[in-house]
């Protein structure tokens, strides 16, 4: 298996030989900043483009195809346009908070990137409470939405923000519980531990039906937490025009837009890490030959492949289902997902203790 | 500049929200003033007139040949059927005998229009409920119909094909073949619609028990079309007061008795199948002959008043012409189906959520220019 | 990189957002008019302020969420060690969850999980 | 029983959702089903239906002659006065004054493309054209003169 | 002063400033937001102290839970946009003085106690240890508090529901068939009725 | 060059030529910043329409969105319901006296740069409701400045696409509304 | 990590405590009072963690106390908000003075 | 249910009503003040004209007639009631409590013709703006700016 440790370590060594520790820190920070921003930009562009293409093909049409091959520059044009568009602040708004909200959303999205293992040995911070950290940070994102909705001084925004507040907050529970199933199986919160525990098979396959149930619940909760259809009540277009970001324009709106996609990426990355083994290649029992072939595929490709597969699933949901009503949304969580995932967690615990999993 | 009376709530926890005139779910420019308590709707007050084009006044200065085209701009989704109603009114006044062939063509066109209209409704309603893809599937079939229309009538939406005494031009030679092809295709696609939307659990939860309208209320509000039939009121003009050759074709009047949004939805879905049935019966039997009766160049209706009604995709369209014997009508009133149906909206939406309002409006299938005229 | 990365990432996010907004400000001048600053409400002037009391049933869900959230917090350390500790931990958490589940059932019975 | 109901409910819901996803997935993987026509690229092959009403035209033959007698029947038939027929008096070879077309003004910006004028024209001088690409930056360019400069009425048209 | 110290002072300043703004801001929504940022600052402080677990809990419970709840209750009970009445100047000065005095006093106390100023460089909290100690039934185990917590949460939940749930609103029964049941009394002759109506002054609606 | 004044002049000129009530617009014209090709490229290729359809033409607008014509090929499919995020307002349908203030408000609330397409006879001139109606505005340009006119009743979906391409041409040329009227460019 | 003396951390927590106190004194609005209380609780938490870290690095009692305090704070906040909402419903005001006067 | 029967029934209660059977529907012509009692009568037994499907007004330059098209869903029979309304002081009683649909239709007629409906719950302009002057569907309505005569 390839590991990026060698590369990162050599950079580290090279730097520490040449510069004082402070400078090393600064240079490394700069590298991380540049990488993170680049990742953001590229992810935003690619995901939006992907979504449009997926939507188009499900809807028997072509989708963007006039700018560049298969329209891949379409989103670049959109981004550039959004940057160049006037960023309005309504007169009646709470101007400070109004302009502050996109930053919060962005910071939250960025912070959640920290523990994600993009490849073997490529992780910004392998925090020892990994998944707990991610759920903590993602619970912050509701704040940005609440602020945006309230500060806009617009009824649609406020309604949308309230809805999304209740929604995100509720679905955090079942997301957390399904994350816990994996924690129970692994016995660690650290992302790297979780990935390594799946060396001989992904949890999804090793863990019997309870893990599959947990996976499904996680997917549903992830969709809801990122405000995606069919849970996109916060920006329900046919009800609240544009929901909590009704009053945002230009770059500020683009930041919300981008954050939405980054959040999708993050939850899908977490999902891929927990259930599909992160950057671990696909291994089958003791087919050594096969496993070797799989090992030749770089770990980052595995990671991104899995993540994008989950992203595709979430997009698939979006372009198929009608939206739930707000009370049904909460009923779904409180009456179905939460009891099921609690029960499921106990089941997984039994499996884990009895060592019934593979 | 803006002087529309607005009701400002005095109570503390009520919120007054404007929905429309520019709003994705109002299908045009309906303006609803909604009083909310939390997310629960306390009151819905429709404000009309954002597309009031004074068609009635305008028609007073148009001749009987000309005014028909204005009617296709009213309920543009049932343009043919509107034209049909106007043509029938003039024919009734002048006692013109319409040739059989023209009658067949008219009915086929009507039913095609009905399918097209229902398709659009289906797509738009799914869109209101947040599902985007059905819209595209619906338009795929609808485009087939518009292509057929374009080939025969020369336009896609506002065909202006019916004239007093028949239809403007004979059908295109390919017409029958294409319609049959379309019917075959459509029959398979409509099952897809059921798979995608009707059976969907979310959709059913969103519509069942939502926007209830009792039978008594439906009558009292003068509802027609699918709205009334969803509440169990039999009101299909094609059955009750058949015009042209509707008395010769076999079809069922669709009735559902639940009175909720899902019932209205089902009425329309089943109606599409009925329309297919009607077209199937007619398409092979279009008699030979004239497509248009000989009429005078200048039409003059005798003194008196004439009321004709047809079943558009939305319900009963009445054309009430008061004539003084001149070349132009003295007064024309279009009794539009949407107007009455809309008046029942408040009743239906009260107590529901905002999402319910959208579902209810979706099943009302409002076409605002038809309401405002 | 350790916790320091949090600061770095925050800086990155701020730089990214601020950079974008600044670039927009630099290249685009907006025109001013009387309506621009007013809230959008489908093209109709807003009559009542949205910053108004707002009666929604959401808060009950937030209340319940808070309780369950704390419960989850206790379950994280539990989940880490349960495999190691075996049955004891399982029984402990079953009691824990059972007690809370009682509350949940109570809430359900009281109709707190219904929308208001 | 309660639990059984609960589970069947969930099973049914899952099945209905899966049915929908299967359909969209079906179309997603079949690129053949894409029905998009690529308008500006397919301009050459794009054919309008022959009865398509795109604009009112006045065909001229190779001698720059049209068939309009200036009878204004079309102007009267038009529901919203899109056509303005300006006539002049011409001297016929027999030295009789005869009404003839001077300018045939056509406001494309107002035309509803209903075809009543074409129906009403006794000589078939105007027809519905197939062109639909009329977008302009300036509204005034939409007011057109249909008879070409110097054009004449065709011989023998009364 | 090394980087770590700088970071500590920055975070502390941020936390304190936000806390101060939270208690002085006159807009209640903003006040909640400043409180939130202050709590985030405290979480950052925990991160700095390398107790990531506590930091995460701080964010999950305080920021994701309590503050959201507070914000909801603000929406519910306040004209969130209006300014709150300022406390009287006297009261403000008195409170400030009291607070300052308390601060000075306590800080003096702390300073005089003379804590050892060096922390262990190897301090780290692993969730594993937390879990083990929490669930262990031995002397140092926290199993009893752990189970008691569930009781506490249960009682809090029951309490919340009992207190906060709305008594079911008495809805005026909507009589759908009102119109049908309405007894229409037709006068002896309609003309009589007509005359009776006519004699009243006609109330016309304002146009 | 004061754009506002220009529009007023243009409107008075229009009034002489064309009947009907004109509602004055303030602001209006796009303020072209640095005329750079890249900016214009981005702007012209990312026109997000406002979901605004008043009547029949709106159906053809929906057709353009549908799979057969699919304006997403041009990247137009991100229809925004909020004017703050939209770039182009396609006036699809009749504008009546009661709607005019709303239209104007929507236009005003859009963030710059913003463009207007008048779709259909109604939006250009009142179209079929030109005569003897008391409520129809005789053209959307009586209310807001229009960039591209596309006649028809309703225009075919292809025609609307053509109008969008025309608008792209205009944006790429970097000229203002008045300049382009004065010296039309060839696409 | 050890260059910051314990007293500085304690100073921060004390300052936060008295900021909360100040809020408690000046605010008359139940929700803002609740916010001040949260600040006070948090300052205590900081102390616990700091003491644990600096004085007893091999033990975890401070951590546990913090966890339990956070738990109790959550329960307290939930109940408090419930009371506030109930109070608001009956009195249409959540001013402390009003609440005491009305003696419900 | 024949025309005769209705005729007898109506003229019993309302001797001054006149009838017209020449058109498509059986027509009852009355004065405005008689309308509401007649409406109640028609709506109730035995004929149950419970379905008001068209309500409009015609301006005859000397007077208005309010035209009510009624159907009975039980008997499937339509009749027309034409109530003569004074043009200078157009006033007629509302029937919006009898047929709920009338509420909107009456507002429309008020809006376009200026006929006032006594006791109407909410008689405001429905279609036109509140500051609109005049009643556009009256024959003498002029709007110099917007109306272009052919």
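Just so it is clear, A, B, C, D, E, F, G and H label the chains in written order, and each chain counts residues from 1 on its own.
We adopt the following convention: a residue touches a chain if its C-beta (ideal position, glycine included) is under 8 Å from a C-beta of that chain, and two chains touch if they have at least 3 such contacts.
Keep in mind that what you see is a predicted model, and the values were worked out from it rather than measured.
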Third chains touching both subunit G and subunit C: E
Can you name the chains that touch subunit F as well as subunit H? B
By CA centroid distance, what chain is farthest from subunit D? G
More contacting C-beta pairs: A-B or B-F? B-F
Distance from subunit F to subunit D - Cα centre to Cα centre, in angstrom: 21
Between subunit B and subunit C, what distance separates the C-alpha centroids? Give it in angstrom. 44
Can you check how far apart subunit D and subunit H are, centre to centre, with Cα atoms defining each centre and the answer in Å? 42
Indicate the whole-number Å distance between the mean C-alpha point of subunit A and the mean C-alpha point of subunit H. 63
Quick check: what residues of subunit F touch more than one other chain, meaning two or more? 33, 39, 66-68, 70, 73, 81-84, 98, 102, 106, 111-113, 128-136, 153, 156
Specify, in ascending order, the residues of subunit G that touch 2 or more different other chains. 67, 70-71, 74-75, 77-78, 81-82, 85
What positions in subunit A touch 2 or more of the other chains? 25, 58-62, 65, 82, 84-88, 127, 129, 132, 150, 153, 155-156, 158, 162-163, 165-166, 169, 172, 187-189, 237, 241, 246-247, 250, 319-321, 326-327
Once bound in the complex, which stretches of subunit F touch subunit C? 26-31, 33-34, 39, 82-84, 102-106, 108-109, 111-113
Under the touch definition given earlier, write down the residues of subunit G that touch subunit E in their complex. 1-12, 14-23, 25-29, 31-32, 34-36, 38-39, 42, 45-46, 49-50, 52-55, 57-58, 60, 63-64, 66-68, 70-79, 81-86, 88-89, 94
In the complex, subunit G residues that touch subunit C: 67, 70-71, 74-75, 77-78, 81-82, 85
Per the touch rule above, subunit C residues touching subunit B in the complex are 41-48, 50, 52-57, 115-116
Subunit D-touching residues of subunit F, taken from the complex the two chains share: 17, 67-70, 73, 121, 124-131, 139, 141, 146-153, 155-159, 161-163, 165-166, 170, 177, 180-181, 184
